[in-house]
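Chain naming follows the written order as A, B, C and D, and within any one chain the residues start at number 1.
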């Protein structure tokens, strides 16, 4: 039996952006958790009250797949690792021959005993690139096995990629788009809109996001709830939303500047695309168009724009929740109020 | 502007279950990634060919919230931690007074310098319990602050909970339902249905899921793609799907037994509910009813049933993908084939 | 061929202590890295200029060993886990029968597929307890296997203990002594002695220890160099210094209080003993006596005193290094200076 | 007061080596834990019974220091990161001008909000390189600040290095020597010498080292007790033994090959040197000479040899302990026996 699961969706904002993406942009959030809408909405309102709004920087982009080979022994695996890395140009040609959009840009190897993990990094244009890297990896494995009869096929994916898993490798070697969103909020706006102060938000961020995450045993992650915003915008824009697992690993950082609040969200692992699986649903297509992510640009530019908007959306929701948590009782009150309002159709 | 994002959904299975849930059960999967349906379907078919099918054990259930207090100094924080832990019965009464369903069952404290983190664990009946623990935590904080004038409010959530984040604390102290799904597959079925052998699946699980995850820097997690199945069934059953972040931390384990395959998925952090936000959408309500999770049972039993079904679904998809990855070229071939079939409306 | 490796050793301090240990205490540091002595010495000097000195709190103490059993299937493993936990009193008697000093205080179980990990926590008096828990675990395994014929021996140690490894479980469930050392330093002393300010040390701690450790992918740890002080005092007091691996997982936390500096080191996993292997070397025995850790006290009190002194020593070195790193060029300059001075015999 | 702490030291072996280091080599182990000697000795005996002995591969070598800068905002930090990376040749010249031995080989940057972490990787010849990279980093920071007036000094070390801390970055980007030691042991030798079988050792390694470490929340590490061997040989050879913290992060891997045992230890982070602090003690100098690590070779070759010997030593101890743990009761029995023997002066 087939059908559809309809997720309630609202457009929130507009958010004011500058830096790598300029302008005001509303964003669609598909979620069962309705308090998310006004929460992101409050952050968006703050962004519009600040001249530059949220400044976004797209730092890097790549998609990865790690293949696994077995060798007769460790020394052979190490020698093969060196040879494969040295042949990157030749292997890049293998990729280009199979795909117009995929482009091999880096190879990282790791040897454990006689196991050889080879992690390929590719540019994948405007696609998130899951299928593109798998297809490329198939061709690369075949080429490598042809050149290295001493190796055997281990797996098309060796978990050193790593897809939809919270790991350290993605942030350190890169996977997906790496984006930083930042805002400098005058003290008066912090007080009026967020009912807090820079000092209190900084203290909370240090105690909760940094120290609290440390004792929880978090991994390369220090934030309050990136996963909520990511899920909602990923669903509304046709993304493979299971990528919120690694996408939600990121760092909220705040400092006080003469009473003003410098607040940033650093998201090293945003897997987003504007073409590919899920993007041809009419609702999704419409959403991507309204987000300005279906324009005729150089390959990758639409997805970069989407990544920047996603990061700004995350910042809006993160800022709003942290501010609320500086005040005893505010979180629950607003949840109850909002859910009541939402149920009443507001 | 509001509306709906319709996620394509198919019912897959039935899966044969035994242990804490007995019978055959189809499951709904809402996803943009259509290859997931036949992949889980293959695992379900295997389960029906085995007499006991997939045996599920629900090991534990609880929902948590960690509050944060500040003390003037560490010694005061330590003393308060001891006093609060000792007063658990009194604090349990505070919770019971505010809610019929919530029940305080445990308190864990951790002190860092003069910061005091207090992690409350509650039974929350058939609800996943996000709001219930926040409401309870508010009452608990008020009660604690009234008794401890030396403490100050820090935050209603101190990230030691931890919600929608990949951490170590959830698996070790518990959060959500902890479930193990296991199946013993005769060698002939492994060969016919999964085109592999027990020995090859065991080797792949060790090399990829255990060693590969280790070098990736994974955290208390060793599996191929739990996140995919979790997202799909969470969306189709109205769950807060951002909880796949911690839900997907789990361990696939396989051993060979005289040529047969003993294969298990251990999922310590499944956050699921059968009542609450998102559960009153008609499609979701219908799904929960068909899953047998809206029966008139003792509080928690419907959610336990759902958790068990979710774990069995994860096992079906995990088994199928690992088997495919033991064969060079099979993964891409089946992806391409399935996507073509799906696009053709099959 | 046997002999001795003589590690250069200096007594540093005295450190002024209050809280669970009161008085002034010099400490022995055995190290090849001579700059450590003046660095800890500077911290000690600061402690003597503050009325309360360093306030130490010993929060918890226990030693652990996790045994591993195998069951025919997961359901059997889960049932056994429950039965074993329920029999803690009976198992405690097994431990007491084998040892005067060991006392079973807690059992934690974790089941992965059909593997059953049982983690025993014991009081071990003044011994660090490595051998005591192994001996106890042997008796406990025998008792459990006698009662559970459905289980088989897996391993006397299942790495869920975990000994001499950086893991999350030790901090969360406890292993060794958990100690917090804290000091409140007036602004003038920060300036005069540490050539810095509270604000600058707080900023550095947040940026380097908290954010820097997060991006490095640290695990439940946020400090500059606990390992250095731990190694030196462990060697000088006859400890099993390989325990610095988990011992060095800890959190430095700093806040500004009206210009003064509130600075703390939280060390959840200090494995120390005042009796046992290595403690009967004359130099070690002399060191333990001078530290006041060979007194006639209730079991565990001498080791608790040692743990508190160790934590205070860590604080002295951590404070001094962080202060130095707030100033460009100071670290290298002092290293060069000190090594020259040391070489000159100062 | 100054003096010496004499650590009991025995020479164990010889170990038979092949691959990057060829021959038989005894090793010095300084430890308070005397059972370590016969344990490593048993592994050494096994190595001599196998024709190739232990095959060692040195995969990589580098030392790192991560500096920290602050920028006015994230966009500026990102721009500076790109500019600094692009200027690697110019910065390499800065390093060469300050040191004959240090050579800059790589730069990795990471930006969090407006914080810029710059991680420098250097060749440091036969020195472990702690001081060399600090000295180089000072020069590099000065050069960068001169070129980038928009940046400010943050810290000479930003914890993204990372020194004497268990993190993910060291294994992934490299720090110290990366070494693999491997041995293929015929079934008969496994049985006679280790009283076990390949199948049982493989099963134990998977269950304990891989699964057990996973549930413990270990980080890029899966072994039984690397820290013990590392500490003992580090102390005896004048190393900065606090580096066992990251050094002990490594992976033991075992497979059965037609009844024989293929067993390896992969150690990505061995920080060792044959010159520098601690190396001029007569006992240490003598040890390094006997290890063949004071020969007149190209820079780095002596330290590489030492790293290979260290890894082989780790393998001997790891193999012996794992074999013992496959047998119920053996560990304690041998501990008791050995300690009695040792106490009796054997």
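In this section, contacts are C-beta pairs under 8 Å (C-beta built on N, C-alpha and C of every residue); 3 or more make two chains touch, one makes a residue touch a chain.
Bear in mind that the values here come from a model prediction, so they are computed numbers and not experimental data.
Enquirer: For the pairs C-D and A-D, output the one whose chains share more C-beta pairs in contact.
Expert: Spelling it out, more C-beta pairs touch across C-D than across the other pair.
Enquirer: Which option, A-B, B-D or A-D, should count as the same interface as B-C once over half of the contact pairs match?
Expert: A-D
Enquirer: With chain centres defined as C-alpha means, what is the inter-centre distance between subunit A and subunit C in Å?
Expert: Here the centre of subunit C sits 37 Å away from the centre of subunit A.
Enquirer: Using CA atom averages as chain centres, what separation in Å is found between subunit C and subunit D?
Expert: 22
Enquirer: Nearest whole angstrom, what separates the Cα centre of subunit A from the Cα centre of subunit D?
Expert: Once rounded, the distance between the two centres reads 34 Å.
Enquirer: Indicate the residues of subunit C shared as contacts by at least two other chains.
Expert: Within subunit C, residues 112, 115, 168-169, 172, 211, 213, 215, 217-221, 251, 253, 255 contact more than one other chain.
Enquirer: Once bound in the complex, which stretches of subunit C touch subunit A?
Expert: Listed in rising order, the residues are 168, 171-172, 203, 206, 210-211, 213-215, 217-222, 251, 253, 255.
Enquirer: Mind pulling up the subunit D residues that touch subunit C in the complex?
Expert: Interface residues on the subunit D side: 1-11, 28, 30, 32-34, 66, 68, 70, 110, 112, 115, 117, 131, 134-135, 138, 141, 153-169, 172, 204, 207-209, 211-213, 215-219, 221, 223-225, 227-228, 230-231, 235-236, 238-242, 244-245, 248-249, 277-278, 281, 283-284, 325-326, 328-329, 331-332, 335, 339.
Enquirer: Which bits of subunit A are touching subunit D when the two form their complex?
Expert: It comes out as residues 19, 55, 57, 59, 73-75, 78, 81, 111-115, 168-169, 172-173, 180, 182, 184, 217, 219-220, 251, 253, 255, 262, 264, 266.
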